[in-house]
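The following pair of complexes shares a single chain, chain A, combined with chain B in the former and chain C in the latter.
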Partner chain A sequence: MVTKTEESQLNKLENQVDNGGGGAWEYLCLARKLKVRRSDKVLKYGLSILNDSRKRSSLGSDEWTLYEQVAVAAMDCHALDVAKDCINALQKKFPESKRVGRLEAMLLEAKGSWEDAEAAYSSLLEENPFDQVIHKRRVAIAKAQGNISVAIEWLNKYLEIFMADHDAWRELAEIYVSLQMYKQAAFCYEELILSQPTVPLHHLAYADVLYTLGGLENLQTAKKYYSSTIDLSGGKNNRALFGICLCSSAISQLARGRNREDKDSSPDLPSLASAALEKEYKLQASDKLSVLTSTLKCLRVSS
Partner chain B sequence: MAGTGGGELKYEMAQNAYIKLVLHALKHKTSAVNGVLLGRTSPKNESLVQIEDSVPLFHNHLGLLPPLEISLIMIEEYYSARGLGVVGYFHANERFDDTELGNISKNIADHISRYFPQAAVLLITRSLKLYQKGKTAALLCRFVSYASMAF
Partner chain C sequence: MAEDLVLDTAIRDWVLIPLSIVMVLIGVLRYFVSKLMRSTQVPDGKIVKEGQVIVRARNLRAAANFIPPKSFRARRAYFSNEENGLLHVPKGQAQNPQAQMFSDPNMAMDMMKKNLSMIIPQTLTFAWVNFFFSGFVAAKIPFPLTQRFRSMLQNGIDLSTVDVSYVSSRSWYFLNLFGLRGLFSLILGEDNATDDAQRMMQMSGFGFDPTKNLGAEKDGLDIVQHEWALPKFEQRAEAVLRKLVS
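Entry: the complex of A and B
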């Protein structure tokens, strides 16, 4: 997961290279470091460096890392011949390498030969059972074939061993949300919040899932997590501000019929959130301000 | 208007509406996307629904309620001033060979059809398919050829 500054830095570099300003190698290095999925750009600029023998030789030993990066990008863009060429070049240089073997298995996966890819991954895993990338590729194969339940099973097994892999927890949570298994998704987000308590996105996602689950307790907890998101993100997160208004409206709708055991802990929270939203909209989208005000009125009226 | 096996129900889709949705799907090639269709029943012909515009909604976390609620309220506010209502739902699955209309889409489409009984669901797959929500009717999709060009 990339921070906003890293993302803006990457975008700036991308714009620079797009407009012919050079800096392709820096862009590729940053993309590799941040592990973002910009395969079409990586493919284009990586190939421009690799096909130019002068630029290629100036890279020195980084040339092979670039071959690997371009091979993966080519497979993502379905340019399988390019991927095959890169893998051949790597094979000539590193004949017995497991890393190259992994790339070959990925090429089988990209071609759609699921059984061959599965067999290749299994044999690679026998030799090295702790290769995280191969475990995750197996989950990807299951997901690509549409066996979501198998993918979930594999991913759970993976997470039992590699509990610190945040991206995997997020992937699992997203799969659960897409299947409407919200309780399990909430569990994944809880794990993420425990291990990375200062990342506001996890709080936000957890609050969203709790709201979707519904029920008075979940709504109250969701409101707390929206508030913590706002706290952690310095008040800039519009989704959390909206979330607070939604929660307050839903809670008061639910609590209308029964006696409220405890007074509403922060009665001016929704009005503060609405004020913040209106300020933000005035700054960024002043023509949509009227839509916002009527939406907020709608939420307040239903409360 | 009963519509249960009576006259044919037709849908007419504006090019702008269709293009916006396809572009949204193309921009987010690696995730499922959804959107709403906006329009009205034609004043001249009650069995013709004109889809005039569309709003692409999300490209991740399609199953979460808060963003969906807020966006639907805002869309209704904005478009009711222009005389359009929500007439349908658009969805494109994550995998290109997945032609199932998932549970999430079914729930959202059900909800929409409660307010607008002739609601349509547009599922973009490899070839354009237009699903009818619950009523027996024939559908007219004028942009099938456009779709095969885009895919």
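Entry: the complex of A and C
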């Protein structure tokens, strides 16, 4: 994940380039380093550098990295002829390269010829079975074709070897949620929390899955994770605030009659959360405030 | 004896400076030669997987208090299970890393090449220094030394009464050998093959020993006491919200 300072730096550069002041090359380098997906800007500014032969020769050997970056951005924006030109230029320079082979297979995938792309990736993997990018592209093909079960299978095999890749765990979690396999999704989110315990998004997603699973214990756990999200994000996360209100109302509904009170839970938390929500709505969406207050009243009444 | 010897400035011009320049040039040459001779190494499957397992186990140990106790216990069992846990290495399989290194022909070749590229220039330069630049006092070390250093620093000077601070060019060679490392990282960038001292330290702590790492991780994991930190977060969230709302 990109840190705030890096993101603000990237946005500043992007603004600068958008408004005509130079710095396109620094912007492209930063985008490449941070691995953000701003393909339309990368394509526009990368092409302007590549088409100007003076600027291109001033890059020296970085020119080829720029070709690769622009090729990938072009495929993302579906400008397939631009991508083909870049790949041809790269192929002329590096005829036997595996990196260029990978780009060609990606072009096949972008064109939609799934079997050819799959065959190309398999042959590349035979030569180098530890290329992470190619593994992930295979999963992407399966997902694009709609073969979610095959995608899950490939992704699981990938994660058996490369189990420290948190992006892959995140992708797997989202696939499981889309298939409503919530227990497995919970496991994946736990992995994400383990690898990055201070990122509030993972806590939030985990709490959402637990809330969806239901059951008193899961609801209590979900409430705890919503509160950790609030703590990590400084109280600004509206979804977590709503989560707290919903969880407490659901818990009190379930626990009515039973005496299984959670000794750690603080009784003021739901009211504080609703107060915070009202304050936020007053600031940002005051016309919806009445809807909010009535919803919260319903939740509290039913508790 | 505290008398001061006066050293000819010609020594500085013709010994110290040329020696430094030659060492810098040899270092640069070695860097380029090593770049040419480097072969791409296909990563070994088992080592990659073990590296990843170690990272994951380490994450589990570090952030154990953030996940519910049941999940932690499940994961710990997955890792340290006696039969098929990931971190469990059966006694018989614990490979001697040295034997492994020498049996793998690629790795052996690589190590030999690295060793050669380090040893040969050092030996040659040392011999050259000894042959041409011995038998006279080259420099004076600004701080006093004990008598024990005499044999190391004054090899060509056969007078036992000369102060130990006056050294021969052999010591200047050693000084350059260890001192030019900083200069090389400036000129050649961080990853250069001239990092002799670093490599010598690496060789003494013999390389990548995955089995020991796995065992260490397993012990660390067995020790961890799970104390679920989440309940505290409710109080903390309450405090945050109170501050926000008030």
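The rule is short, and it goes like this: the second predicted complex is superposed on the first by the 282 of 303 C-alpha atoms of A that agree within 3 Å, B and C clash if a C-alpha of one lies under 4 Å from a C-alpha of the other, contacts with A are read in each partner's own complex, and residues count from 1 in each chain.
The working rule: a contact is a pair of C-beta atoms (placed from the backbone, for glycine too) under 8 Å apart; a residue touches a chain by one contact, two chains touch by 3 or more.
Here the structure is a predicted model, which is why all the values come from computation and not from measurement.
Colleague: For the combined arrangement obtained by superposing on chain A, do chain B and chain C clash, or do they fit?
Modeller: Superposition check on chain A shows chain B and chain C fit without a clash.
Colleague: Figure out whether A:Lys223 sits in contact with chain B (first) or chain C (second), or with both, or with neither.
Modeller: The answer is second: A:Lys223 touches chain C but not chain B.
Colleague: Identify which of chain B and chain C touches the larger number of residues of chain A.
Modeller: C
Colleague: Touch test for A:Thr295: chain B only (first), chain C only (second), both, or neither?
Modeller: Touch partner of A:Thr295: chain B, not chain C.
Colleague: May I ask you to decide whether A:Asn147 touches chain B, chain C, both, or neither, giving the answer as first, second, both or neither?
Modeller: After superposition on chain A, A:Asn147 lies in contact with neither partner.
Colleague: Of the partners chain B and chain C, which touch A:Leu246 in the superposed model: first, second, both, neither?
Modeller: Touch partner of A:Leu246: chain B, not chain C.
Colleague: According to the stated criteria, A:Ala273 is in contact with first (chain B), second (chain C), both, or neither; which is it?
Modeller: After superposition on chain A, A:Ala273 lies in contact with chain C alone.
Colleague: Given the touch rule stated above, what does A:Gln184 touch, chain B (first), chain C (second), both, or neither?
Modeller: In the superposition, A:Gln184 contacts neither chain B nor chain C.
Colleague: Using only CA atoms and the superposition described at the top, report the least gap between chain B and chain C in Å.
Modeller: Superposed on chain A, the two chains' closest C-alpha atoms are separated by 19 Å.
Colleague: Which residues of chain A touch chain C in the complex?
Modeller: Counting only chain A, the residues touching chain C are 128-130, 160-165, 187, 190-191, 193-195, 197, 221, 223-228, 230-231, 234-235, 244, 264-266, 268-269, 272-273, 275-276, 279.
Colleague: Which residues of chain A touch chain B in their complex?
Modeller: Touching chain B: residues 37, 144, 146, 174, 177-180, 182, 205, 207-209, 211-212, 239, 242-243, 246, 288, 291-292, 294-295, 298-299 of chain A.
Colleague: Touching chain A in the complex: which residues of chain C?
Modeller: Contact set of chain C toward chain A: 42-43, 45, 48-49, 52-53, 55-56, 59-60, 62-64, 66-68, 71, 230-238, 240-245.
Colleague: Quick check on the complex: what are the chain B residues that touch chain A?
Modeller: 30, 32, 60-67, 69-70, 73-74, 77-78, 95, 97-98, 102-104
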